[in-house]
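Structures follow.
Shared between the two complexes below is chain A, which has chain B as its partner in the first and chain C in the second.
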Partner chain A sequence: MKKWRNGFFLLFLVATSLILITQQVGAQAESPQKTALISGTIFDSQKQPVAGAEIVWSPQPGGEPLAQTTSQPNGSFALVLPETVKGSLLTGSAIRSSNSSEAGLPLSQVLTSTLTLQISRPHFKPDAIQLDQAAVQSLKAGQPVALPEIVMQRRIDLGFWIATVVFILVLVLIASGQLHNTLASLLGAALLLGISYLGEPLRQDLFIFNFNNALNYVDWNVVFLIMGMMIVIAVVERTGIFQWLAYMAYRISGGRTWLLVPILMLITGVASAFLDNVTTMLLMTPITVQIALSMGISPLALLMPEVMASNMMGISTLIGTPTNILIGSYASITFNDFLKNLTPGVFLGFIGLVIYSEFVYRKELLSDSEEGVSALLLEKLAERARITEPIHLQKAGVVGLGMLLLFIFGENVHLLPSVTALMGATALLVWIKPDIEEMIEAVDWTTLVFFITLFIVVGAVQEVGLISFIADGISRVVGSNLVLATLIIIWLSALLSTVIANIPFTAAMLPVVAFLSGTIPGATDKVLFYCLSVGSALGGNGSLIGASANMVTAGIAERAGYPITYVYFLKKGFPALVITVGLLTLWIFIRF
Partner chain B sequence: MSEKKIRHIICAVRGRPESRETVTKAIDLALEYEARLTFLHIMDAEFVEHATVIPLSVIYQELKGMGEFAMMILKDRAQRRGVKEVDYVIREGNVIKQIRQFAIETRAEMMVVGEPKNWPGRNIFKAQEFQAFMDQLEQEANLVILRVMPEE
Partner chain C sequence: MSGIVCAIRGGPGSRPTIDKAISLAAESDLRIYYLYVVNLDFLAHTQSSRIHSITEEMTQMGEFILLSAQATANARNVGAEGVVRQGDIGEEIVNLCLEVKADYVILGTPQVEREENIFNIQRLNTFRERLEGETGAQVVLVGGETE
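Moving on, here comes the complex of A and B:
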C-alpha cells in the first residue's frame, strides 16, 4: 500500500514538472524576438553600484511614464520599451491622433529623433540621460541599446543629516554606557525608520530608507554565524575545560611565573581565536585570580597579559572576533585567508606582547607572600580544576574538529561559515541532547538584535552617502599611495577603537575600505581589510573601554579586590597597543 | 552595649590587599574575645549581565569559586593566628541588602568593616551613605560596628 502511495506521488511530481516545463518553453517561444530595450549600469562617484534607482521614460517632460524599471543591487538595469503606445497617453504630442487613442501607435512612430531617460533615487541628484539619434534608430529597429556607465552624484539632504546625527548618537550612547549597546542601536534603527515613514509625508527629504531597504543592509551570514557559535560555546563553557587548562598551565610552569605568563597567554589567545573573547575571559579570569592568590602574586600581572593576548589573537581566525566575522563576510575573506595572512603576524605580535608583559610586570611577578606558594590553596585549586562534563567535552571536541575542517575546506564548495556554524551547533545539540530550552536561552538574543539593528543604522549612513563622503576624504589624503593607506587604516582604526566601540566602527568602515581597495592600485588583494581587522581588534588593548573583554576582566578582578582602572589599563595597555600594532604593520608589509 | 559579651564577629571584606588591616583587626578582636569569626563575602555580577552570552548561573558559580578562594586565604590566616572558630560565608546579590540581612540573621555582636576611602575602582559605598547605613545597621541588628581605616 505504501509502495503504491509512493509511486503515485512520484508520478504526480513528474507530471507536474513536465507541465510546468512545457508552459515555460511555450511562454518563451511566444515572447517577441525583437524588443526595444535599453540597458545600463549606475554607479555613484565612488564607483559603487547604485541599487534602487528608478529609470523612467516618458515622451513628454512630466508626462505619463511609458516605461520604467529599477536598478538591481549590482547597479544594472534593463528598460523594456512598449511595442505600442496608446495615443491617449501622448498628451500634447504632434503624433497624437484620434483614431490611435485606443488602438495604440507603434513605438517607431512615437520615438522622435532623441530619447531622454529620467533617473532618480533618494539621496542622489536626479539625472537625465539623452540617447542620441543612432541609439533611437536602433530602438526603432527593435535593437537593444547598451548605455555607457552612468554616474549619479550624491545630494546632501535633510535625511543625510538625520542619519548622520542618529549614527553619532548611537556611537556616543554605546561609548558612554548611557544605554545598553543593543538598546542604543535599537533606538537608532527605530528613529531612522520612524522618521522615514512618518516624516516623508511632511517633507520628502526626511525619507532615509524603507523597511525592505533597511533589511537589505543586514548581513544574515554574520547573524547566523554568531548564533551558531553561541550554541557551541554554551556547551563548551560548562565542561570545565578552561579551568583545567589554566591549572595545567600552572603545573607545566612548575610555579615559575615567567613561564606561567606566556602559557596562560597562549591558552587564552588560542581559545579566543575560536570562541568569543568575553566568554574566554569570563571563564579564565576567576581561575587565574585563584592561581595568582595561591602563588602570592598580583592577579593583575597575569590578567592583563591574558586579556591583551585575547584581544590580539582573536584576529587569527575568521570566527575569533565579531569584527573578523563582519570583515570576512563583507569582503569574502575565508577562514583560510585569515590563517594564511594574519595568523603568522599574530604570533609575531604575541612574541612582542610576551616580552613586553614579562618586562612591565617583572616586579609584580615576584611573590609577595611571606609563606610563598600555599599548599592548601593549591590543593583546593586542583580540586576545582576538573573537567566537569568529560563526555560533553569529547563530543564537543569531535564536532569542533569537524567544524574546523569545514571552515578550512568548505570554501572549495562555497560553504558559508554561517552554515558550518549552524550545522556544528545542531550536530552538537542532537548528539548531546541537552535541555533545549536551556540551550536556546544560551543564545544571546540581545547581541543578535544588536547586530541586526546596528547593520540598519550603519546602512542608513551608507544610504544617505556619509560613508561615501568619508571614503572620498580618505581617498583624497592617500591618493594612490598604498603604503600610506595601509598605515592610515591600521593606525586610525587602532586609535579610534580605543575610544569607540569597534563593532560599529568596523561595520561603518567596511564600505570605505571597499572603495579604497577598488581605487588604490595594488589594494585589490584585500590588504586594507586585513589592516582594518588588525587595527580594530588591537585598538581594544589601548584602553579599558576598548573591548568588552577588558570590561569583564576588570569587573571580575575588582570583585576579587584587584581593580583595573581606566588609567591603569591605559598605562599598561597603550604601550602594548603600540608594540603589537607596530609588529602587525611590519607583518602586513612583509606579507603583502 | 559595652557590657555585652562578644561571641560572634563578622568581618565583611572583599579580600583585596587594602583590606589587610580590616582583617587583622577582626582577627585581633576574635582572639581578644575568644569569639567566633565569620568572613562575609558578597558577590554581585550585574556588571556582566549585559556583556556576555554565558548564563548568570555559570558566572555566579565562577565568581563564587573565586570568592571562596579569597575567603579561604583569610580563614587560613586567622587559623594560623590561633582563632579557634573561624568560617566564611559567600552570598550573592546586592551588597548592602546582603550585609544587613546577614547581620540580622546571625545576631552577631560585632561587625568589622573597612572604611571607604579613595581607592582605585568602584566603592560599594559613598562616604555619607556608608555613615547612614552603619548607623541604621547598628540599631536594626543590635551590634557594634567597628570601622577600620586602611593604611595609606
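Moving on, here comes the complex of A and C:
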C-alpha cells in the first residue's frame, strides 16, 4: 500500500513537470483568420489590457446577437461575422418575410450603413463602438477591419467595496495574528466567491468574479516553484548541515565573537538566498543559542544580526524569498537577472549590516563575558556538530548544483523555474528514496493554500479596479519622474512591509508597478520591480512582525529565556532597515 | 525516589530559580530534576510542517540549557539531572512530579505581567493549588522567571 502511495506521489510530480513543460511549449498555433472579422484591443484607463470583456454584434438593439466574442488576457479580440444570417434571427419584418429566411441572408444584405458593437464587462461602464460607413463597406467586401484602441472606463460598484473590504480584512487578520495566515486568506477567497455566486441573483453588482476567473489570477508557476523547493529543503534540513556549518563558524572564529558575527551572518545569508528564510532561521536559531551559551554571551547578539542578514540576503536570488518568486514570475525576471541586478547590491548592504551589527552589539561582542566560555558546553556542541546523513547531503548537493545550473542556464530554453524545482525535487526523491509520508508532511501545504487563496483575494481587488485606482494615484504623484518613482517604491514598500505582511503587499503591488513601468519613461528595464523586491524584503527588518523569520527567531529565543520584544526589535532593527535600504537604493541608482 | 523538580527555560530570568533549587537541595540532600518543556506554539501561525525538524532542534537546545544548570549544581556538590519533555508545560510538570515523587517544585514567578505569559500570577496560583493537590509536593515560588 505504501509503495503504491509512494509511486503515486512521484508519478504526480513527474506528470506535473510534463504538464508545465507542454504548457510552455504549446499554445503557439493561432486560429486561421476569417475574412469578415473585426479585431481590436481593449484597455482600461491605465492602459492595462482588459480580459474577459464581451463584444457583441446585434443588428437591432436588444435583438439576438449574431456574433460575439470575449477579449483575451492581452485585451485583444477578433469578432468573426457570420457569412449568412437566418432571417428568423432578424427582427426586421421586410427581411423576415423574405424567401431567404430559411436558407439565410448573405451578410452584405444584413449590414446597413453603420454597425454598432456592444462591449460589456463586470466592473466597467458598458460601451458601444460604432463602425463608420467605410468600415462597414470593407466588411461587406469580406475584408477584415481593425479598430483603434478601445478604452473602457472603470465603474465603482458594490462589488468594488466588498472586494476592498475583504482584502483589508485579510491584511488585518494576518497582521494581527487573529487567524492563521492561510485561514485568513482562505476566508477571504471563500467570502469573495460566495458573495459573487450567492449575491448576484439578488443584486447584479454584488458579482465580483466567477470561479474560473478567480483561478486565472493564481500564478501556478509560483505555487509549484515553492512546492518543489520545499521538498528539496526537507531533504537538506535533515542532514545536519546547518548545525555543522554553525559550529564550523565558531571554530573558524577561534572564539572571537566579533568575528563570529559576520561568519554566522554570511552562512545564514547565503542559505537564505537558496532556501526560504523561515526554514533557515528555524534551523540556525537553536544552534546559535547553544553557541552563544557556550561562549557565555547573550544569544541576541548573534541572533539579531543573523535574522537581519537572512531577510536581506534572501533577495539576492529568484528563489530566496517568496516575494522574489512572485516578482520574478509576474515580471519575467530570471534567476540571472536577480544575480546581475541585485546580488552585488545585497553584498553592499551586507557590509553595512555587519558594521552596524558590530557597532550596536559592541558591548556584548568585545567585552569579556560574565560567565566565560564553558568547556563542558563546547564539548557537547562539538559532539553534536556532525553531518547526520552524509549520503543524503552528497546527493542533495549534486541535485542542488544541477538545479542551480538549470536556474542559471535554463532561461536560454525558456525553462520555467517551477519546472526546474519540480525536476530537482523529483530527482532527489527518486535518488534517495526517503519515507514519502515524511516528505509529504514536510511540504507546507498550508503555505501553498495560502498562496493560492491569496492570489484569489488580490485578484479580486484587481478585478474590481482597486489596484488601478492605486496605480493611478501613485502615477499622479510621481508623474514621469523615474527617480521619484524609484524612491517611493523602495521606501514605501519598506515602511509598509514593517506592518503589513509583505507577501500580500507584494502581490497587490505587482500590477501597480507594472502600470508605472509602462507609463514612466525609462522604467521599462524593470527597475521598479527590483525596487519592490528590495523594499518589501528589507522592510522585514524594521519590526518584529515584518517577517515570519523574525517571529520564529523570537519564538525560539524566548523559549531559551531570551525574549525579543517588539520594542527591542524595533530599536535594533529599524536603524538597520534605514542603513540597508539606503545602501540598496544607492546600488539601484548606480546599476540603473 | 524523591527530589526537587525545577522547571526552567534558560536565560538570566532562570538563574534565581536554579539557585533556589540548588540551595534547597543542599539543605535537604535531595536530587534536583531540571525540567525543560519544548513548546512550539509560536509555529502555529507560520510553519506547521516544520514541527518534526524543529522539535529535534529544540530538544537539543533544551538539553543544552539544562546541561548548563546541571553543571552549576554539580559545581556546588548537588546531584542534578535534566529532563526534556514536549507538550503542555503544566501537564509535564505534574507528570514529572508524580514520576519522581517530588518533595518540592520550584517555579519562577513572572518578572513582568504579560498576556502571553504561560503562567501569570493568577494562573500560577491556580496551578500551584492543583500541583500541590495532585502530587503532594510543596511548591516554592521564586521571583525572576520571565515565563
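We take it that the second predicted complex is superposed on the first by the 545 of 592 C-alpha atoms of A that agree within 3 Å, B and C clash if a C-alpha of one lies under 4 Å from a C-alpha of the other, contacts with A are read in each partner's own complex, and residues count from 1 in each chain.
Criterion: contacts are C-beta pairs under 8 Å (C-beta built on N, C-alpha and C of every residue); 3 or more make two chains touch, one makes a residue touch a chain.
Only a predicted model underlies this, so the values are computations on that prediction, with no experimental measurement involved.
Clashing of chain B with chain C is the outcome of superposition onto chain A. In the overlay built on the shared chain, the residue A:H180 is in contact with chain B and with chain C. Residue contacts after overlaying the shared chain place A:R238 against chain B and chain C alike. In the superposition on chain A, contact of A:Y568 is made with chain B only, not with chain C.
By the touch criterion defined above, A:F43 lies against neither chain B nor chain C after alignment on the C-alpha atoms of chain A. In the superposition on chain A, A:W220 makes contact with neither chain B nor chain C.
In the superposition on chain A, no contact is made by A:F592 with either chain B or chain C. Within chain A, the residues touching chain B in one complex and chain C in the other are 180-181, 230, 237-238, 278-279, 282-283, 286-287, 289-290, 293, 374, 376-377, 380-381, 384, 438, 441-444, 446-447, 548, 551-552, 555-556, 558-563.
The residues of chain A lying in touch with chain B in their complex are 180-182, 230, 233-234, 237-238, 276, 278-279, 282-283, 285-287, 289-290, 293-294, 374, 376-377, 380-381, 384, 438, 441-444, 446-447, 548, 551-552, 555-556, 558-565, 567-568.
Residues 14-19, 43-45, 47-48, 50-55, 58-59, 62-63, 65-67, 69-70, 72-73, 76, 119-122 of chain B are the ones touching chain A in the complex.
Against chain A, in their complex, chain C makes its touches with residues 8-14, 38-39, 41-50, 52-54, 57-58, 60-61, 64-65, 67-68, 71, 146.
In the complex of the two chains, the chain A residues touching chain C come out as 177, 180-181, 230, 237-238, 278-279, 282-283, 286-287, 289-290, 293, 374, 376-377, 380-381, 384, 438, 441-447, 548, 551-552, 554-556, 558-563.
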